[in-house]
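Structures for review follow.
You will see subunit A twice below: alongside subunit B first, and alongside subunit C after that.
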Partner chain A sequence: MDAGFIEHLSVNQLAGEHKLYLNNLPPLSDSTNYYKTKFHLKYFNDSLLLFHYAQSKMLCDADTTLLAKTSAAFLVNSDRQKTQTWFNAIQQAPLRGDLKEIQNIYHASLNPNAFAAEAFPAQAQNAYSKYKRAYNKKPFLAGALSTAVPGLGKLYVGKTRSFIMTLILNAAYSAQTIESSRKLGLSHPLTIINAGAFTVFYLSNIYGSYQAVHKLRKEYKKQFLIDATRFYN
Partner chain B sequence: MRTICVICFLAGFYLMGAQTSVDLSAQVTKASFQQHRDHTEGKRKLLTFKKKSAYFNPLNYVGAGLLFVYQNIFSEQIQANCNYQISCSQFTKLSIEQNGFVRGVLGGFNQWTECFAGALYEHPPAFRSGDNKIINYTTETTIK
Partner chain C sequence: MQRVFIIRLILFFSGITCYGQFSLNDSLLFYEYRYFKCSDATEKQNILLKKIDLYLNAGITNSLVFNEIKRVNIGRLASGQNEFLWNAALISYLNIENDQARFFLKEYEISAKDSSVMVKLLKVLLYKDIDTSISHVSIAQLSEKDPLFKGLTCFDDIISYNRKHLNFYLFSSAIVPGSGSAMNGYVLKGLLSLAITSASAYAIVKMVEYGLYVNAVLWGTGVGLKFYAGNISLTEKLFYKAEAKQKNKLTTGCELTLKSILDKYPLTLRLK
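Up next is the complex of A and B:
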């Protein structure tokens, strides 16, 4: 096994040749699995990475740079189950330096109340604070506020522009409904259409405010993990 | 009879001209901007419901049918440029397919309410695409 040649293939991004070379090495060897883990980290493939990591755990655990880079890659992985498998798998590995910080980031993404923003890199702190704020918002409260005043739930979530637009839109539809009911009567088709439109927009504002809390949590969580990953890569 | 013939001739002439101009402009646009496009929409399907029981709900057909008409007749004519990657009508249709009529329609109308230029800045940078559109998602395409 020529480590220098593997390094050359990796640096020059010769993926096909790199794979071919690794496939011709003895398959059961620890070193082969270690290099295959590195290969699947570079050309990210979560399933194969986990498989080869399990085959050469001792060797991989000794390489803290590999563990830190893999953990950073898993932070933004879309398959939540495999990310969880990875962070469970490295529990026994010696956690120090970057690796410990990345693991803290992963745990903070699950429960932001357990960590302060200062514990993380400066460029991820802003997104983390916003994620923490969104995490502590209550969807039902947002819905209730929007029931009382259309759009207020969105203001509670932090969407000021949406609050203004929703309020104006609902006020316009309600004014239109009131005017047509006064001038044309309640049973007039135009009043019914206006009332229907107002009802749909009013209900959608309540539903939207409720959903906005969930969406904002997910969005800022993703942003926090992306910012953190950029720092460690 | 003569008037009808003239009208038919003019209508046919107009339609042929419009068709040629649409084809030509579509080809030019495709050739010029294809490489710069971030998001290419596939052909819009009529109906695919997630749950089998949804196929027996007539409201789903009404909602999806109205949206199909809007997308294939009105939206094409007004050349609407949406602030979101998944347009309001497409989002509503996907939501109806995934969450049922009531939640789907409410979700779609909510996105419509939030469809204005400033809405872009209410989302973190990771959810803004290169062409300044909001990367939105339905239950099916939920970020993990």
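Up next is the complex of A and C:
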């Protein structure tokens, strides 16, 4: 095995030759699996990375740079389940330097109330504060506020323009429903159309406010992870 | 018996395919290892040329070859410089890396002093979108050899084609809803626009007659106005759609011309 050659293949982005070279090495060897882990980090494939990491755990755990880079890659590129599997798998690894910071980022992404913004790199602190605020907003409260006053849930989430638009639209639909029901009666088709439109807008405003909190959390979490892990890639 | 024969045939061809693939990858790895171990810069370039030849002989001209081409240091090439530059220009063009292709072609022209039909034809293809003065000169020179090349001016027709009088169509739709769409060739959509806008206007008038002023204003601004404005924006969309349709037609015609030219004067790679 020629470690220098493997590095050369990696630097020159020769994925085909790199893969073939690794496939020609003894498959059960720890070193082979270690280099395969690195390969799947470079050409990110989370499933195979997890597989080869498990086969060469001791060797990989000794390389904290690899663990830190892999953790950062999982946080940004992988799904929740595989990210959790990865962080569970490296629990026994020695927590040093970058790796410890990235583990904190992961835990903060799960529960932002457990950390202060100062615990993270300066470029991620703003995104973290935003994520923390969004995390502490309650979807049901947003829904309840929009039930009481259409659009108020959007204002609670921080979307002022959306609040004004929703309020105006709902007021307009209710006004035309009231007018048509007074002048034409409740059973008139125009009243039914107006009432139907009003109901649809009113209910979707409640659901929209509820979803807006989830969307906001997801958005800020993603931004926080991108900002925080950029430093380690 | 027939089934056994078919299975054997499939196994035979899959064997060839697998063996061929394995052999190419093995050779690529072999040369890469030699490249890695080699300390002589000129020899290194020769090894890269061999790798490129392997790809080209296997009929591969994709980004993998382009990646290898980018690694070659032209100044260090001891031999085969002209072949490399020509192949590099062509492969870059095939990979839609036209800036690189122009660079390699320029280097090739300086190095090989080649003014053949192939070079001029590739030049036309590489410059037709960015510098028509260069492509025009090449087309003129090519046309002297074969009038068939005059057909290449069709690329200019595509670039310069623009439909005129958009404002007239928009104005027409503002006066009679749907008329602009109909004039663009979409008669059914035009009629539908006319019917919807008229129906909205009628409904709003009726609402006013019944004293439903709030409804008239809100339906008028929320629905009626939207249909009216939508009819105008649809006209604009259909105008550009008709333009794109015409451009597609011109492109298809141009591609056929280019195909007939390439059948007669093919742009070929220089293989070893």
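Just so it is clear, the second predicted complex is superposed on the first by the 231 of 233 C-alpha atoms of A that agree within 3 Å, B and C clash if a C-alpha of one lies under 4 Å from a C-alpha of the other, contacts with A are read in each partner's own complex, and residues count from 1 in each chain.
We take it that a residue touches a chain if its C-beta (ideal position, glycine included) is under 8 Å from a C-beta of that chain, and two chains touch if they have at least 3 such contacts.
Just so you know, these numbers come straight off a predicted model, no measurement behind them.
Legend: residue contacts after superposition of the two complexes on their common chain; A:Lys130 is shown touching subunit B, with no touch to subunit C. By the touch criterion stated above, A:Thr229 is placed in contact with neither subunit B nor subunit C. Of the two partner chains placed around the shared chain by superposition, subunit C is the only one that A:Asn194 touches, whereas subunit B remains out of contact.
Once the two complexes are overlaid on the shared chain, A:Ser180 sits against subunit C while remaining clear of subunit B. Contacts of A:Thr32 after superposition on the shared chain: neither subunit B nor subunit C is touched. In the superposed model, A:Ser56 lies in contact with neither subunit B nor subunit C. Contacts of A:Glu17 after superposition: subunit C is touched, whereas subunit B is not reached. No residue of subunit A lies at the contact with subunit B in one complex and also at the contact with subunit C in the other. By the touch criterion given at the top, residues 2, 4-5, 8-9, 12-14, 16-17, 20-21, 24, 172-173, 175-176, 179-180, 183-184, 190, 194 of subunit A touch subunit C in their complex. Listed in rising order, the residues of subunit A touching subunit B in the complex are 78-80, 127, 130, 158-159, 161-162, 165-166, 169, 200-201, 203-205, 207-208, 211, 218-220, 222-223, 226.
Against subunit A, in their complex, subunit C makes its touches with residues 25-26, 28-29, 32-33, 36, 64, 67, 71, 210-215, 218-219, 222. For subunit B in complex with subunit A, the touching residues are 103, 105-114, 116, 118-119, 121-127, 142-144.
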